[in-house]
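Once you scroll down, you'll see the structures, which are given as structure tokens.
Both of the next two complexes hold chain A, though its partner changes from chain B to chain C.
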Partner chain A sequence: MAIRKWALLAAPLLALAATPAKAQDGVIRIGVTLRMVVENGLKYGQMVKDEFEAVNAAGGINGHKIEIQLLDDECKPDKGVSNVNRFIHQTQVDLIIGSTCSSVSMPMVDIVTKEEIPLVIPQSTNQDLTKKGSPWVYRVPVSERFYAAVHAKWLAENVGKKVAYLVTTDTAGIGFAKQYQVYMKKTYSVDPVIEVQAQETDLDFRAALLKIKSMNPDVLAIGGQADAIARVSQQSYEVGIPSRVRRVAASAASNAPVPELGGDSVKGLIYAAAFNCNDERPEAKAFVKLTQTKYGVRCPDHDFSQAYDTVKIVTQALKTANLKLTAGSHAADRMAIRDAMANVKDFHGLASGPISFCAAPTPQCRDGNRTGILVEYTKGGKDYDTKLLARVTFDADFGL
Partner chain B sequence: MHPVLPWLGGIAVLSFLPLITRTAYDQYLLNVIAINVVLAVGLNIVKGFAGQVTVGHVAVMAIGAYASAVFSVHLGLPFWLALPAAMAVCAGVGLLVGIPALRLEGAYLALATLGLAESVRIVISGTEWLGAAMGFEGIPPPHIGGFVMETHFRYYFVVMPIAVMGIYISFAILRSDMGRAFKAIREDQLAAAASGVHVAKFKLIAFVLSALYAGCAGSLKAHMAPGYLNPNDYSLQEMVTLLLMVIFGGIGHIWGAVIGAIAVTIINDLTQDYYTYRMAIFGGVIVLTVMYMPRGIGGMIEDFWVRKRFAALRAATKARQAAP
Partner chain C sequence: MLDYIIDLVIIGVSIGMVYGLVALGISLIYSGLDIVHFAHGEIYMFGAFIGLTLFQKLALPYVPTLILAIILTGLLGMFIERVFYRRLTSGGGGYTVAGMAMVVSGFGMSILLQNIAFLIWGPKALPFPVPHGMPIEFGDLALPMSYVWIIGTALVLMVVLNLVLKKTMIGLAMRAVAYNKDIAYLSGINVPLMISLTFGVACALGAAAGVLIGPINYVQVQMGVGILVKAFAAAVVGGFGSLPGAVLGGVLVGVVESLGAGFISGTYKDVYAFVLLIIVLMVRPAGLLGVSIKMKA
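On to the complex of A and B.
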């Protein structure tokens, strides 16, 4: 019994002592931190790993192998900070990819700027990330400064300008509502009909929705994560908000749990995104087939497509970077990757528009994708379906 | 020998620790461990010494962290003033949290403090001047003149002495009349009151002292690079992790809380690579602890010493009996 107790105590300390430190040895090390313990999270995390493994199988990058360290940050900033510190100081990576949540990417930007390591953001949309002006940061997804205008313009012109907001207190939800309101105020001088804030963990939104119903809005804007969007959508019909009131949601609405949990209530729900799984382009069809056969995902959302595009963009940049990968070349290699990323122009992947970067550390240069699409759910449930409503490309300065 | 001298010696010895670490990540981990030690030792005062069930400790830490951030960023106070100011704010919060403890016990007190834990996070999430859900940025690191403690190596020399000091104060409390009053309340409130212990007063003091520790830990976390706070980092998940530190270490044992904070932080770090099974591993540690070490590591060490003393006593008695 006593031996068992001591073994239990000593195990973690021995394991820490055994953790090896890394050194430069001709291998390109990439640290990836994503929110993975969510619907499909583990799958797109695995896909990132698999795609880099495929590059290795094809001979690597100019003869150099890629080594991936994939970690979950659980959408918690503390975890993200811990992961990035680990990548930089322990694994000594050449490049970091991350994260899914803007609140996690936010402190990561400060760390990589100080430590001078290139960071490629695969999924976070908050516009402040690139406004910080870091020369080390590149963003693959569409910034929320563009997203907001995609649906705001379409809804104002086709539905109405009386907008009621129901927003949960998460970064994505708040950012979505804020940008929508700014656009409506700036363009049409219109204030919100009503704005109600709820908690991320709330399950019952009926009281807030009844209040919204009494205001008779044209549009119900739902800011939050996937499960909140599904619940609000469903409960909005339960309290009697008619179908003529158009439901619009943050880009998390593109995640599969929304139509699956929301069922028929999501029919007519619209959202701005960077990818639609009904995309007819051959590369998009091939990608959807890949996710179906390899990862069991029938209709991949834009978190999937953006993770895939990130791998392809990074691979392209690494091929053009002049890497030495010796013990003394660490700083030079990181700088070479940073500069190679700035040379990515008109990358045509799965995204809604071409992705281009440039050297200046400004949002104009570092928000790669400036095209958003507007998607509508035409069917809910497990076999949900969508259709493309609009595709809008913006000037690099838009929304700044 | 003055009782403080061994502790100063401890600080001197621990000062060499970052020099033998392999990477700056290890130094970062040492800083996280030191902050968790302060937090766990503080929770041990209210939970271990005084026997009060609280699950709001992480919320008090959040208040300390945000108070320190506000004092630094909005009022321009240096870390060395923001830290005690944040602790003072938390002492006030501890007093408020302690009031329900005068009437509530056990699960009911846990529920009341759970309410505090969630409401603090929710209030911060919706408060724009605290950064709301996007987080509070740009909290400066401590500095002495032009010497800025922004690296993990330098910051270690801020957090480590404070953590050692925290342990020392905790021992001083435990060995004082106040510590004995806490333990009397923990064992039996009625008996303690009958013995002349002012139960209400000492309960409040326990909450205030514990909150001071939480505020200190919060402030230390706020000023550690990259100087960013987010309400998502103060959820129930963090509270469960903190409780695990104290339970794993052994409720009521100061060294147990220290060892628990070290062990849980390291286990947490080592399981990062196994993200699919991480929570299962963590859960497994809790189950194994409760099954095989219900009194935690502290209890295990205590058992060891008691057995050793008993064996020595028995041997001495046998020797006496065998003597002609």
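On to the complex of A and C.
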């Protein structure tokens, strides 16, 4: 009797698991995977969903509704891969947006290339993502090959060329240091004073910082995610590295937790980014007001702005794509979206520069934004503030 | 050069005490119950969050915050043991089925606690700004007062715990339960209560570590993951089950890491800790202050 009861309970569940979601019912399905294990992530994830829902409320894309499946990958590659497989095999999406962390986006590129599904990267900066040559991949943010040059040139000309690197083991942090080193070697024939790699979860960087201090560098380059940048910045003062040694960090330094956690120690810290919340353009001001009123974020960083731009770019591309959305058109629809993305030219959104794509599967065509800005923290803590130091636009093949 | 070495040792001792403080709780659970608790990092995280909540929402001064967080987390530990672990903790430890099940349950509890903390406090790393005063300066090196608190508290807790275990009736009962539960039963000791108490005290130690580390290492859901590995290394180096050994192990791990990072490379910081662990296990398998032969319940 008990077995029969269990069987009755299990049968509909098994049936549900075995039946794939309806893929071709006139709905455009988009899978979104982002790092939402941080508070801002939850908010920009919600913003992406809200913005697509606003498109639906305004009549959808040429009469078709958009359905969003939003998942958190926690900045972990295995979760990202699992999310993408779920999008492809269960939900049968037409397009994937993701991810925040380069280490997650990296394996995603391989999967979408094999499965032939367009992927729009909203926030990852590692330059290898587009160097893999996948025809299915587009990147909205600024590649680190541009970022590195933005701060490297400014620091070399205004501060000095003796650079010490302290980098945690995440893909974006390593990429940041590598690109900075390549630029310094190529442009000024300068090698690093010292390079130290640490675990992302390390509590204490002081021993490494003490060694860096003994090398007397001009610049301390900090690669890693927000918490590590804040911690290194703070501990660098504890070991007595003077404020004349300029601190520069990977683009994750633009995330609010860095000044909030690092407090006064981030004053003077510089980073390259794609958006600054003090931007005076009307569209930027309207966006900042939106995040303040709707999401309670006083000063949105470029993860927010890039997520927002990604929605707008995808919406624009979907409108021009010749979608059938019938039972037999799945592959053709994905291809149509891919090709429509390649036609996005001179998109002026919140980003530091115009975003353009083209058809060739090369970084020149697929790194959409080639303008980086250099930002400095002028105040740390909860009411942190920043100022713009420089804005640089590069040629498409710069740094390749 | 001497200044440089001294600076590295100071750094090593200060971070080593952090490892030692977490290792104290792990060691107490092992010495008392013969089990390894893999959710101890999350207990430490919970303690930090409870402390932060008391400090910010109730605006309590730091010392009452620390004491209250220790008590509340201790009670939480007793609750967890009573509700989730009781059938396993009274079933035996070590290589028994219950002992192995306890290891698996520890992993499960770790995930559960992380998710509960995520729901209560959210995913954001939170600063724990405690006005401890100006750092102590050793030449160019500034040692934040938080580290002085950690060193002092770790030593006090270790001494108090040793005294309680060795000089009080409750301590005697806890040791009796650790030695042999059946004989402890026959002697009229309330064994389940002593098991709960041991677990609660160990969790309270975790909370102390969390609240003390909060001002240095921001409070966040995943803060227990990284430190657990180092604390295990510290506990094993010092001698699993030995309380002074846990603190000594922590300091050794911290100093070796620091000297390695200073003289060889910071890239291999974790390697130094585990090389030390391997060497100690080869030379003294029971750890530096461990007892090699001990009957367990």
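Observations, loosely collected:
In the analysis below, the second predicted complex is superposed on the first by the 380 of 400 C-alpha atoms of A that agree within 3 Å, B and C clash if a C-alpha of one lies under 4 Å from a C-alpha of the other, contacts with A are read in each partner's own complex, and residues count from 1 in each chain.
Assume a residue touches a chain if its C-beta (ideal position, glycine included) is under 8 Å from a C-beta of that chain, and two chains touch if they have at least 3 such contacts.
What you see is a predicted model; the values in this text were computed from it and never measured.
Of the two partner chains, neither chain B nor chain C is touched by A:N56. In the overlay built on the shared chain, the residue A:S82 is in contact with chain B alone; chain C does not reach it. Look at A:K211: by the touch rule set out above, it reaches chain C but stays clear of chain B. In the overlay built on the shared chain, the residue A:R231 is in contact with chain C alone; chain B does not reach it. Of the two partner chains placed by the overlay, chain B and chain C both lie in contact with A:V37. Look at A:V239: by the touch rule set out above, it reaches chain C but stays clear of chain B.
Contacts of A:Q197 after superposition on the shared chain: both chain B and chain C are touched. Taking chain A as the reference, the larger set of touched residues comes from B, when chain B and chain C are compared.
Touch criterion met: A:K114 reaches chain B, while chain C stays clear of it.
Comparing which residues of chain A touch chain B with which touch chain C, the overlap comprises 36-37, 42, 197, 199.
Contact residues of chain A toward chain B in the complex are 1, 4-5, 8-9, 12-13, 15-16, 19, 21, 36-37, 42, 69-72, 75-78, 81-83, 85-86, 88-90, 102-103, 106-107, 110-111, 114, 126, 128, 169-171, 173-175, 197, 199-200. Contacts from chain A toward chain C in the complex involve residues 36-42, 166, 196-199, 201-208, 210-211, 213-214, 226-227, 230-231, 237-240, 257, 260-261, 263.
The touching residues of chain C, when paired with chain A in their complex, are 4, 7-8, 11-12, 15, 18, 122-125, 127, 129, 135, 139-144, 213, 216-218, 220-222, 225-227, 257-262, 265-267, 269-270.
Put simply, chain B touches chain A in their complex at residues 22-26, 28, 32, 122, 125-126, 132-135, 137, 152, 225-228, 230, 232-233, 259, 263, 266-267, 269-270, 272-273, 275-276, 278-279, 288-289, 292-293, 297, 300.
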